[in-house]
């Protein structure tokens, strides 16, 4: 039985840690004596982490609202499970790979299981903030793969994203790895994770969507896409608001310190880029389709937020508005393009996270205004093209985009391909038609309401 | 095309700001050196702002739950859009009008676009806190105008509320304008915005509801009102809890400083007034109708919270209970009165925000106990009638109420009247009957559930 | 009329407090002068309290989703009302009983109505943090009693839990009462309330469920239990995420001080135990029933969180995983056992809160690792069996479990028994069949959707 095995493993590992004297500072008194600002910085970082955690609920609502009623329990379960199993993976393996002592700039290798020298208030603080980021990356993929992926396979790939794919790339950028030391600009920089989190989630989602193929009924006999609307717009919009709320932890919290007063500027750029993305998607769909599209407006906010994530600390308000407007426009075009190309992404995760994430990384090389450095005012300033920084930073950003896509898409596609050939990736046709709630979990999401007898997409 | 125009405008403005040397303190190191308490005060104010932001989601749920299922996408879109477009307006025009250098105490005129001298950590901090307040005022109006207002017109009026109506009144009270310098009491005072935010939103909503007229089916042939229940009580109650949660940012956060330890007292008065409002509405409807009314109980909490917003920092626990109980009672009576008078307010926004807001402003002049001043312990104390302060403060409060209503209702009514005569304010009868989801956005909120064939209200 | 009586009572009490000079520090300047860390500790504690408050919304969603559609308005109303009326009770009576000057270690008796000497920033800070805990205990009971309890009786018992049952037990553990001074280990310890909050709520719920009896249709003619699924899995899962989010205030916030940097470790143990509980319930139901059960997975997270609440500050990461895994497993078995034994608990509150709460208290005596003391690094360390602490702490924990159950179950059962014989506890058969929304409040939760004509459980 899996759970008893896991329990035994944990107990065995645990036993090895009971006896030794504790290194580091598990009580916090030593850290406090050394740094009188530690309480406010811990407060700031922890609360930011909690807000980011709530994005799990936001994604559950966004993705849940955008699937059909017959798949809602399944997507809820996936959103809960990728975080639950992923956090155990990130505890045991992922965090050490990302933030352990670097092996040649490729991956880390220490701080296993948060025990021994890692049993320390500062290490645990870093862990929880990074964990909720890893959880975000993992949960993004579930959207692109919604309504047809086997739960068993999804459970495994979630564990692998959080334990391996995400942390290794994260090490390259945030763990002192090779991308952070590129000889262009200040090396590849990504303030809060347009690349580390969103491109990773979106890239894995793209691999999944390609290997899965489109949902039954998504394309007609001539290959023309048909709309498959989600089952609850109110859930979708609640999701957007919860995500936006969580993003105020995501971006400003990434200073890990309230003594960096730049946090107020990061909060403002985050707000404005989200708004601008929403406005752009609203106005553009209004013009293009004759009506302002509600789902697109919500996704426009998400795209604006994804795009501002990398540059949020290095640009001023007007640039955030420009970045957000562009992201909203790009997202709408991208959704339509992927749909035309036969890539069926039920919630638009690829466009919102992968594509807008790329734009976010690039935008650092253009708009960074040279007033702030790498997480501190004392480091060298990040400067983009518009502010006399030359093309160096832009080059570093492009290299990061390429490395991210190559690693994430490459590993995700390979692993999912193996899983497809072994465990299987997609449910059967019958299971898909009846809905994954019944076929995978034996229980529908809304047993007391009458469904429309024929769903037009089938 | 609107979006390209907006993009060009932003880019043009942006270009003018690329070259100049930065005034102020965009990195925050100067501010930190001057004020060692800045980190904790920034932390407090930012997190409070984030909580207030989440009230957008709370209003979306509350309003969404209280409309019929056929209008849910539309109200979601309005709640998202008023914030998104409103934040661009508050960035460009609203904030400068409210907090720029005062022109004769009437309006401000500097800090445009948060650039130049406004590119400063303290200015951005103030902006985000004020922005989420402005967004709250804007979104309140959508409720009173729900289920029949054209999206296009609503989009425009939202922009105007956030860019003009709200900031000018805000300048009078919080920007150093004429109401704050009245020669009675300490001038008109409004700790966290019973007037500045709630009366403004409610007053604009009243203007809209009057110009729109009642929904089809709201009154029978004899003019007797008929109940049109909302479509989801669970959404309504989620909205109430999210709003209450956000209110803990709204009121205690308004100190803008955690060094004001009065924040704990403000949090307690906020909690108790909300509870008391809920209890009063529950018991009063129980007695009056024979059953405790669920929606009224939720609105009772909101009314209690609106009422305590102005006095929250200046009263002790028992007074908060009294203010909240009265607010719950007043709200129920007000809802029934407006309904009898033919003013159709689908969610009770006028009663919860305008009427309870008036009571909140007045209550300062009665219950303020002289233990705390204007946002600091070092200012003169606010004292009401019951504590030997005489009628001075009460007079200042009444003048503020009158000025608020005159300005907000006057401008809202005038502008909406012009919009009604030009773009049109209300959808056609056919569009209203089919629902705004289909007619305005081409997509229903819940496509997979079977609706009741006849809605009794039509 | 009840509300006018309450109003009069409050006003009468209030009048007595208008004149006296204020003791203590209502403005906060004295406290600030004495403790330069007060701002960051107030910030930490208040925001933690706000997060705990949001658990009210989380419970509303969890319980709301798990009842049938015909009872959703009623459970929403109960969740709102137990907090609203309960907070008035905790203000007037509960807090003084819990934290007033101790009378022989049995109950407290001062600080009435938060007035006089209690009108102080530190006292109000403690009050709000404790109030949201009391509210959590009260709202847990509503789940076990769902779908058949009279609203009137529930209103009364909620008031009694918050005013009497909870505070007296709370005094024994957190108010300096007799359990905290037991001569075993460091006395009975309960960091954030596995016992004080969760066992209390679950114990009261058990008393209620026993006195109520099972819902109509829960058992077939042979006494075999039948599943009565909830009406919305998306609400359930939103509830789980909101509760988890709130728990990050519940556990780490219980230091009441950010100067205790141990808060980062508490946050991590809280996250991991929740995840482990979810994973255990997922894998165990997968093995047992052949499919991963969605509702059980959500309840597994809750059980893990309940269990880690008591030990969260005293264990390291691996122990949190073990405690959470065990809690998830225990919860599933407990749900099935209570169901077999005829105790009908519609949302699993007894298993998640009472049973997992017992496990949490016990686990302190096993896994506490001796690196942290009672809310401070300067107190003696809490040490369990595995770390050479002997059985002393374990004995103190077991005594606490017994005392908790005896007091809570005893008083709840007695009071509910009296209420049953006087006002009545359960609605009539006809009312239960038609649903409590219509029979108790005259309004259904979702008036525009078509229900399934026959609910199989009736």
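Should a chain be cited, it is by its letter among A, B and C, assigned in written order, with residues numbered from 1 in that chain.
Please note the rule applied: contacts are C-beta pairs under 8 Å (C-beta built on N, C-alpha and C of every residue); 3 or more make two chains touch, one makes a residue touch a chain.
These figures come from a predicted structure and were not determined experimentally.
> Applying the touch definition from the top, give me the chains sitting in contact with each of subunit A and subunit B.
Looking at subunit B and subunit A together, the chains touching each of them are C.
> Over half shared or under half: which fits the residue numbers at the contact of copies subunit B and subunit C, same or different?
Mostly different residues: under half of the interface numbers shared.
> Please report how many Å separate the Cα centroid of subunit B from that of subunit C, as a whole number.
32
> In subunit C, which residues are in touch with two or more of the other chains?
Where subunit C meets two or more other chains at a single residue, that happens at 40, 43, 47, 232, 238, 446, 449-450.
> In the complex formed with subunit C, which residues of subunit A make contact?
Touching subunit C from subunit A are residues 1-3, 6-7, 10-11, 13-14, 17-18, 22, 25-29, 31-32, 38-40, 42-43, 46-47, 49-50, 53-54, 56-57, 60-61, 64, 72-73, 76-77, 79-81, 83-85, 87-88, 91, 113-115, 119, 121-122, 124-125, 127-128, 131, 151, 232, 235, 238, 437, 440-443, 445-450.
> Can you check the complex and tell me which residues of subunit C touch subunit A?
Contact set of subunit C toward subunit A: 37, 40-41, 43-44, 47, 51, 68-70, 229, 231-234, 236-238, 240-242, 244-245, 248-249, 252, 257-265, 267-268, 271-272, 274-276, 278-280, 282-284, 286-287, 289, 291-295, 297-298, 301, 316-319, 321-322, 325-326, 329, 371-372, 377-378, 386-387, 446, 449-452, 455.
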